[in-house]
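The structure under discussion appears below in the form of structure tokens.
Chain naming follows the written order as A, B, C and D, and within any one chain the residues start at number 1.
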Amino acid sequence: MDKTLPSLAAAVAGIEDGMTVMIGGFGGSGAPIELIHALIDRFIATGHPKDLTVVNNNAGNGHVGLAALIEQGMVRRLICSFPRSADPVVFTERYLAGQIELELVPQGTLAERIRAGGAGIPAFYTPTSFGTDLAAGKPVEVFEGRPYVRERWLKADYALVKAHLGDRLGNLTYRMAARNFNPLMCMAARVTIAQVSRIVEPGGIDPESVITPGIFVQGVVAVPDPAQEEDLNRAKAVYPKVQA
Amino acid sequence: MDKTLPSLAAAVAGIEDGMTVMIGGFGGSGAPIELIHALIDRFIATGHPKDLTVVNNNAGNGHVGLAALIEQGMVRRLICSFPRSADPVVFTERYLAGQIELELVPQGTLAERIRAGGAGIPAFYTPTSFGTDLAAGKPVEVFEGRPYVRERWLKADYALVKAHLGDRLGNLTYRMAARNFNPLMCMAARVTIAQVSRIVEPGGIDPESVITPGIFVQGVVAVPDPAQEEDLNRAKAVYPKVQA
Amino acid sequence: MTDKLTPTQIAWRAAQDIADGAYVNLGIGFPEMVARFQPPGREAIFHTENGILGFGEAPPAGQEDWDLINAGKKAVTLKPGTAFFHHADSFAMVRGGHLDVAILGAYEVAENGDLANWSTGPKGVPAVGGAMDLVHGAKRVAVITEHVTKDGKPKLVKACSLPLTGVACVTRVYTSLAVIDIEGGRFLLREKLPSLTVAALQALTGSELHLTGPVADLIVPEL
Amino acid sequence: MTDKLTPTQIAWRAAQDIADGAYVNLGIGFPEMVARFQPPGREAIFHTENGILGFGEAPPAGQEDWDLINAGKKAVTLKPGTAFFHHADSFAMVRGGHLDVAILGAYEVAENGDLANWSTGPKGVPAVGGAMDLVHGAKRVAVITEHVTKDGKPKLVKACSLPLTGVACVTRVYTSLAVIDIEGGRFLLREKLPSLTVAALQALTGSELHLTGPVADLIVPEL
């Protein structure tokens, strides 16, 4: 069994128009910038994939990564908790112009809905959002005297995640708070592609320290020195670079 | 902040008659034998605690650990998935004599109910047990054409767990498959007491490798060379030892 | 010439259908034997409910580590790439549809795929373990079983008489006499021992065996 | 003599009520300042939604690691005993009632404890983050806020006019003028700036301030 992939282009080749794609990260930490940029490259070359539904905690920052994906017009719908950032102009303009749909989900509910998708739990109850606009239309049930809102699982066709170490079996570790949504998205997608800073031999990750067991991962691609969104934005980077 | 406790006796001193106690482990692996035996010692000395509801995957094996707790008559009700073992005589006799109540729960549902208790999810839907006797009386709902059974969270007054390393903040690691239910039970109890093979300084556990963050743990007690239930049973051990 | 397969031979036959790289859960007891017979060049990855993925075979006697056990509480070993996780993550793998195959034992299998394998009725101590999760989680649920009970009664039946483990969940049954698929609420005979006529097999089966194509010979090595 | 507390001073006051060993989540922005003012001898453990427990203060400029950030995307540091975890575990801590205190900002707080702090209405881009989880998860939900808006309108009101974050969730409000508890659907005045009369404070408050005992002086150091 060898889940390693030869290139970023190969890693994103299966994503089709209209698919739901979960993209890991919280702000820039744990964001698979290189996978996102490979998807943009494919779109520029072929016109596909488009009309994507993207699941991410945020809505991009500046003009790289998720913001660049939105800027290309590839995203029809975004499911997120916090579409604000230091520089949210790309999303904000499209949203206010009615060019992108937004499903706003409380952050903990978003995390739990993704986990539920991965764990085969079609619905669960949470106290979160009870009595607010975000619970509108959702079933409410009282347990032990307290009202709870019923929320549905979230699943995806693809998940694109950023990990730290990976092996050919798909076992993954993460780096500090770059873990965030990544392990959950691995569980909830039909196909999970992980970019990793380093591919190690099976056994190169202590079995006690595996965060995502390989069963949740279908492809692993090496990105030895991954970009950090925060650094790109401080350097005012734009993707793709404007040709001179 | 120092959650370390001076003794096993101190660790179990707060458990009262009628409480619900989650006890970690899968069979003998991860079973906190010394904490259980300390609870038995207290019962023999004081007559308390009794009428306990115990949550465990199993129902004990031989005459040590959970089996010994049952043998003392301290357990009124058991919530478990698999009350069989190599030597289940203690539970079997009491159960068939109507001296102990049994709530049988599918193993994955048991795990998820405990997690739900820890995660503030009062109920969730699972395909497991649909159409079987174990779903009797439970609400059923169809999602996307498939029927699911609604299950409720499980919480406890106390959890007694076995970990490997622990620090004074309550951070824990486990040893191999002795992890099993232990991290979930830490989440679901009002008071979690962990016996650990070694107490390390804060920072002595790599922050990436913490399995149970300290927020889920209220007490840590050192048991440097913990007994393994399987070894005790092979040696035909009985707790407490019969005085000659 | 055998008149029926041994449990080991049934396990061998079931192992032939496991693809390279498949994630597999084997039920406690008899199904555990399936792991021994992976065809050359194929490597399945075994999952156990108690929180291990990618474990290795049993250690030599005396070298057991009782923190490294499978769901049957038998000692296993580490392999490069093994991962540990807690029970909720383990059953996320099961319930979430991440396992390719679960192979379980059975008291009864009905022609609609219903399985009864956890309770022989109201007497005794009931115990369910992870079976009810597995039957509604794995992408493919197969059963390995004797074709008939010790008393000679059919285990493949029109409708289960014992308490169900799961509804319409089994899609293939490997028995001591035959390989039978379950599709559209019917038993479809795929393979049978060459020594046995279809009529003789039908006489040992509790509901109609359908033939939708040629029935292959069930040929298994001496083991 | 100040006529109102600075945000820093409000944060200082809120910090005085955090017990040693408390698990605390501080909202993005202004509430983050609370961490700076832990009283001597007390050590709270800070949680951030994005998966860190027990992190340390901000690193010097230029030494940030952008994989080590808080919910406000600001760089933080490791401390001995820090733990990392994923978002579902992080919100299990929140929703499961494991946090002792959450301290949040507010647009409006109603006398029944309703909080509005995520949306100023249908214009613009809505963003909620973890606030709705925190208000129904932490054992104690406190708000720190200016007593009135920039336009001089009360932020403590009879009923919120803005979209709610949570229902009946806030139990204490630290403002630039006072400390007010919410109990039984009423604002209970606990502390006020010595320079301010109760009548003057009432005039700046959108619903009745109840006095159930002596009102202490709200005294805060220059910061």
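Just a few scattered comments:
The rule we apply is simple: a residue touches a chain if its C-beta (ideal position, glycine included) is under 8 Å from a C-beta of that chain, and two chains touch if they have at least 3 such contacts.
It should be emphasised that the depicted structure is a prediction, and the values quoted were computed from it without experimental measurement.
Looking at which of A-C and A-D shares more C-beta pairs in contact, the answer is the pair A-D. For the pair chain C and chain D, the distance between C-alpha centroids works out to 56 Å.
One inter-chain figure worth recording: chain B and chain D are separated by 37 Å, centre to centre, where each centre is the mean of the chain's CA atoms.
Averaged C-alpha coordinates give centres for chain A and chain D that are 30 Å from one another. Touching two or more other chains at once are residues 112, 115, 119-121, 126-127, 174, 176, 207-208, 211 of chain A. Contact with two or more other chains is made by residues 84-85, 88, 91, 94-95, 137 of chain C. Chain contact topology: the protein chains form a pattern that is neither a line, a ring, a star nor a complete graph.
Checking each pair of chains for touch leaves A-B, A-C, A-D, B-C, B-D.
The residues of chain A lying in touch with chain B in their complex are 112, 116, 119-127, 141, 143-144, 146, 148, 152, 173-174, 176, 206-209, 211.
If you check the complex, the residues on chain A that touch chain C are 1, 115, 117-121, 167, 169, 171, 187, 201-203, 207-208, 210, 213-216.
For chain C in complex with chain A, the residues that touch the partner chain are 20-21, 23, 43, 45, 47, 53-54, 78-85, 88-89, 91-99, 137.
Residue ranges on chain A touching chain D, taken from their complex, read 26-30, 57, 59, 81-86, 88, 91-92, 95-96, 102, 104-112, 114-115, 126-134, 174-184, 211, 228-231. Those residues of chain C that touch chain B in the shared complex are 48-52, 64-69, 73, 84-88, 90-91, 94-95, 119, 124-133, 136-137, 163-167.
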